[in-house]
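Quick one: structure below, then a few questions.
Residue numbering begins at 1 within each chain, and the chains themselves are lettered A, B, C and D in the order written.
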Amino acid sequence: MIEVALFGAGRIGQIHAGNIARLPGVKLKYIVDVNRPAAVDMAAKYRAEVRSVEAALADEAIGAVIICSSTDTHAELIQRCAAAGKQIFCEKPVDLDIVRARACVVAVTRSGVTCMIGFQRRFDPTFAALKARLVAGEIGDPEMLIVTSRDPGAPPIDYIGRSGGIFKDMLIHDFDIFRWILDDEAASVYATGSCLTDPAIGAAGDIDSTAVTIRTRHQRIAQISTSRRAAYGYDQRFEVLGSKGMLQAGNHRPTEVIASTDLHVSRDKPEPFFLERYRVAYANEMAHFFDAVNEGKPVTTTIHDGVKALELADAAMHSWREKRVIEL
Amino acid sequence: MIEVALFGAGRIGQIHAGNIARLPGVKLKYIVDVNRPAAVDMAAKYRAEVRSVEAALADEAIGAVIICSSTDTHAELIQRCAAAGKQIFCEKPVDLDIVRARACVVAVTRSGVTCMIGFQRRFDPTFAALKARLVAGEIGDPEMLIVTSRDPGAPPIDYIGRSGGIFKDMLIHDFDIFRWILDDEAASVYATGSCLTDPAIGAAGDIDSTAVTIRTRHQRIAQISTSRRAAYGYDQRFEVLGSKGMLQAGNHRPTEVIASTDLHVSRDKPEPFFLERYRVAYANEMAHFFDAVNEGKPVTTTIHDGVKALELADAAMHSWREKRVIEL
Amino acid sequence: MIEVALFGAGRIGQIHAGNIARLPGVKLKYIVDVNRPAAVDMAAKYRAEVRSVEAALADEAIGAVIICSSTDTHAELIQRCAAAGKQIFCEKPVDLDIVRARACVVAVTRSGVTCMIGFQRRFDPTFAALKARLVAGEIGDPEMLIVTSRDPGAPPIDYIGRSGGIFKDMLIHDFDIFRWILDDEAASVYATGSCLTDPAIGAAGDIDSTAVTIRTRHQRIAQISTSRRAAYGYDQRFEVLGSKGMLQAGNHRPTEVIASTDLHVSRDKPEPFFLERYRVAYANEMAHFFDAVNEGKPVTTTIHDGVKALELADAAMHSWREKRVIEL
Amino acid sequence: MIEVALFGAGRIGQIHAGNIARLPGVKLKYIVDVNRPAAVDMAAKYRAEVRSVEAALADEAIGAVIICSSTDTHAELIQRCAAAGKQIFCEKPVDLDIVRARACVVAVTRSGVTCMIGFQRRFDPTFAALKARLVAGEIGDPEMLIVTSRDPGAPPIDYIGRSGGIFKDMLIHDFDIFRWILDDEAASVYATGSCLTDPAIGAAGDIDSTAVTIRTRHQRIAQISTSRRAAYGYDQRFEVLGSKGMLQAGNHRPTEVIASTDLHVSRDKPEPFFLERYRVAYANEMAHFFDAVNEGKPVTTTIHDGVKALELADAAMHSWREKRVIEL
């Protein structure tokens, strides 16, 4: 039985708490949040107790910590948890600042603890099956990757302002998909973008539509296109062209109803947003973390992956702002 | 160069005339129709001449005849053409009366001419590919066949009245599909049906919705369901369950556009009706007839097939009227 | 908090136990099974206790009973639970014998308890969404229903022998789907079938491939085709033709990966069997039962539905054996 | 009746000749080719005559010329035809050199003749339907365009060497699609690429895999990815994201057969190559040209469009070679 403290009782914290509750051999012991009513509610729901960061880390019985508090707290919490010898699961991004993120790598490496970053998409059944079939050689050598990543709608403008920009907030997942699927690193990055859906996003210094091109060390090519708005739901697709064929990951739908009318033949639009689409992925991710911790095995998405995705986001942001190709 | 007389300048006659015009080595020489303006128009379009049945059959240069006049003329024309030694292509059905149809078989057999019946569905690219894969053993032994056959809307009531009823008019094609796909003959037939789309059809003594079940000599099972009305277009599907899998023939669509909106993800509905869906099938069918005639090879859909389909239609009609299973 | 006794710690019992454990306000208190090791294992897993039927029913704190023991025990248990005033959830079928099943209706009605029968398909997300759209009038009046229901493989022969035959064992679900979707009752039933997949099934007096046609009181038509063997997995589809269009319920797939190779473009085959396909349906079904019990509301699938489906299975069996149409 | 001279009796010339032969009111009179046997064969097939360029242009009865000879002859032939007052249909590209292409525009404008460039994709039923629905406002304002364009295999290396490079040879079509679909012009172009399928292509100074990003004057974004090799056939897709939804153009398949086996559920791969995929498009294109000429209406794909696509190809080539963004 491993005992756990969870930092951050917000939306994603609730997902993780629910998944932890279903895992055998794991006990959610402490809830930590500066928003005390949220912490109290969650603690009541899962028969856990509310604690401060200090108190939670001071409890030697706590073996693992789940960090899903706001992004600006991640780096400090990772370092404190590492110092306390706790196994760490931390939501993406490690930090908005690459220097602070790298400091976390040092802290984690020095302490020897596990630090898994929450790139849950790697645990999506469709994405994971595609990766496995790619590794099995089903389409030969991968040559090109095309990623389509669109949110159903933009977050509130005040969130946009503190998000670190679309490349760090939204594309960080797509950069991780790129590295994971191609098993290769970027040699150059070109990014462009526009503000097309809401002028307020532009006024906040950000964009809502991006196109990124990555050339890898092995001359492979990846294209990523994103938008903050897809009228038809959460659009999460990618395809890999290989020497012997293509693998595509399509959207998930709520149901398999097909309607034929005098207008057309229609199916459900994709799942509405990430909580629905990645519901199974979040559960698989948490199970993977505790399996790895319990069995002393490496995790699939390390803090190193978190830093590499952030480096790509930084490069893309520079490319967009300076209208030039960034060599890495 | 084979010279041809075409009997019947109506809708299906125009399809055949256009396809004949594109075939090398075939010349459309005479057009015959009691509706003289229609015959004159078609003759002008294809640089042919208008003739009577007698005159057309008396011309020794005429090697083949295409019969697409009204159903009640088929039997007599087949017999006259056979007597004149012409190769025959005749639209389905051979006749509404099984005794008269069998007399045609006798006449054709005695004369030794080819007599192909227009079951054009066997020449549809999708249906023909499915059949070829079935024969190649892709799904092992066929066990069950499910046929869905729906028109976009009923014909005029006066046509219904002289059509011979839905089993002979509409299901005759499905009965041929059944025999062709399973390569087996019916041992028993059960049919039921209702008048659900238009009371006038019922008043005309007919039904518009049917369900037929056939058990074959080899214990296979086929289910056919039809309707005179599908709001979404012409629905022509079937599927074969075999010991090693399933083959399905789906509908054809005009385009491959997919639209995703806040309501759903939609595609084109099926082709509107048989002229569009079986456009390629009609061309392939006519090419097959002239290939067979030119090379002295057997045709795929003989007058025997026409009679067997009619026997099934007769059995189904009896089953429906008498509310009992018909053993054959 | 409602306390529950579960009768039958087999495969389906484990599904229900897992779903009950996730429901707030429900406590799994007793496990009853003649196979004592199975009962002990399940009790340990869910922190419940092993009891006899008598002891479980004698505990006044027990508010509800889940009956998922072998079919031959259902009728007696329903009657004892009803007499004890317990709310009842019972797996299908009520009984293999229609007289015994009707006696259960009398017992349940007299006692006033709820008795829900486990027709879990009504709770499948795809099927339930289709039904809701049908009720909302999306395709006008329903006219025809085509049901395809195929298992991936036959159960062991000794199970076949005591199953009551394919109509009561397998098609009972399809008969319930028919009644639920069309909201209509059968006026006549015709069934035929063959033994095509394994001669041992025939030797056991049963068949493995069936075709059933039902005409309803409102002249609607339903066709059901089933097989004990589909090489490609668990095939669970149906379609409804209405006056304004068609609604189809398609199969569920494990993932949305699409592979394009030099051979073809392929997707996952359907989910392997009912535990995977109806995983969500089983959870929804159990939640519905306890919601209804807690709020004093009627359940969606009553013992009356169980009896009506059994009547159809009986009629179909007679039709098959006697090779005739059964009027109801 | 308009009389026509066709220059170039190669593969694409044969397509055009066949389509012209089916058009009412158009007569294929002369065939011109430096490969005299090819010209003789084609002339025999279509009852036309073999002539020299001079003789063909000198015949005042010739109203229109179809130029489908080798690329290096296009510019000179356009100018001579324009000078002779003939209506012109010319295969893409106008020329590999932008200066020579612009000279053709001057010649055509001065003479007042029609000069249609063979961007047949605009006449593909799927692409044309998508464009019409986009123009009708079905998805609001277009924001992003993603184009996937993959050949089944590379042409012979000696063709590669004189093709002008992948951007002018292959992507010229995609650049035209970009301009047509978004109805916007490029403001900046970034292109990168690799030689991944065959080192011989690299040795010939070319690449086989490209990624192009275009930002438009109205801040829209387009991404194009291409490959000379797709193991699964000819892959021709694009999608447009708009403010109210998405429209996608999918591949065409030879048949609608679906096979379900113990491995997967599969469909046909796409049509093998452009002659099959764009068969209907080529016919529609030729009909459009002669309709426009006969009725004095503008053509949809002018020589101006040919030059604009070439400018984009030039910009992309520079971007790739110089590894920088090109502002236009």
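Brief remarks on what is shown
The working rule: a residue touches a chain if its C-beta (ideal position, glycine included) is under 8 Å from a C-beta of that chain, and two chains touch if they have at least 3 such contacts.
Just so you know, these numbers come straight off a predicted model, no measurement behind them.
Simply put, of A-D and B-D, more C-beta pairs touch at A-D. Distances between chain centres, each the mean of the C-alpha atoms, put A farthest from chain B.
For the pair chain A and chain B, the distance between mean C-alpha positions equals 58 Å.
Each chain gets one centre point, the mean of its Cα atoms, and the points for chain B and chain D are 40 Å apart.
Under the contact definition stated at the top, the residues of chain A that touch 2 or more other chains are 139, 230-232, 235, 244-246, 259-262. Viewed as a contact network, the protein chains are fully connected, with every chain touching every other. By the touch criterion stated above, chain B contacts chain D in their complex at residues 22, 125-126, 129-130, 133, 138-139, 244-252, 254-262.
For chain C in complex with chain D, the touching residues are 230-233, 235, 259-270.
Across the complex, chain C meets chain B through its residues 139-140, 143-144, 146, 148, 150, 188, 190, 192-197, 209-211, 213, 215, 219-223, 225, 227, 229-232, 235, 241-246, 323-325.
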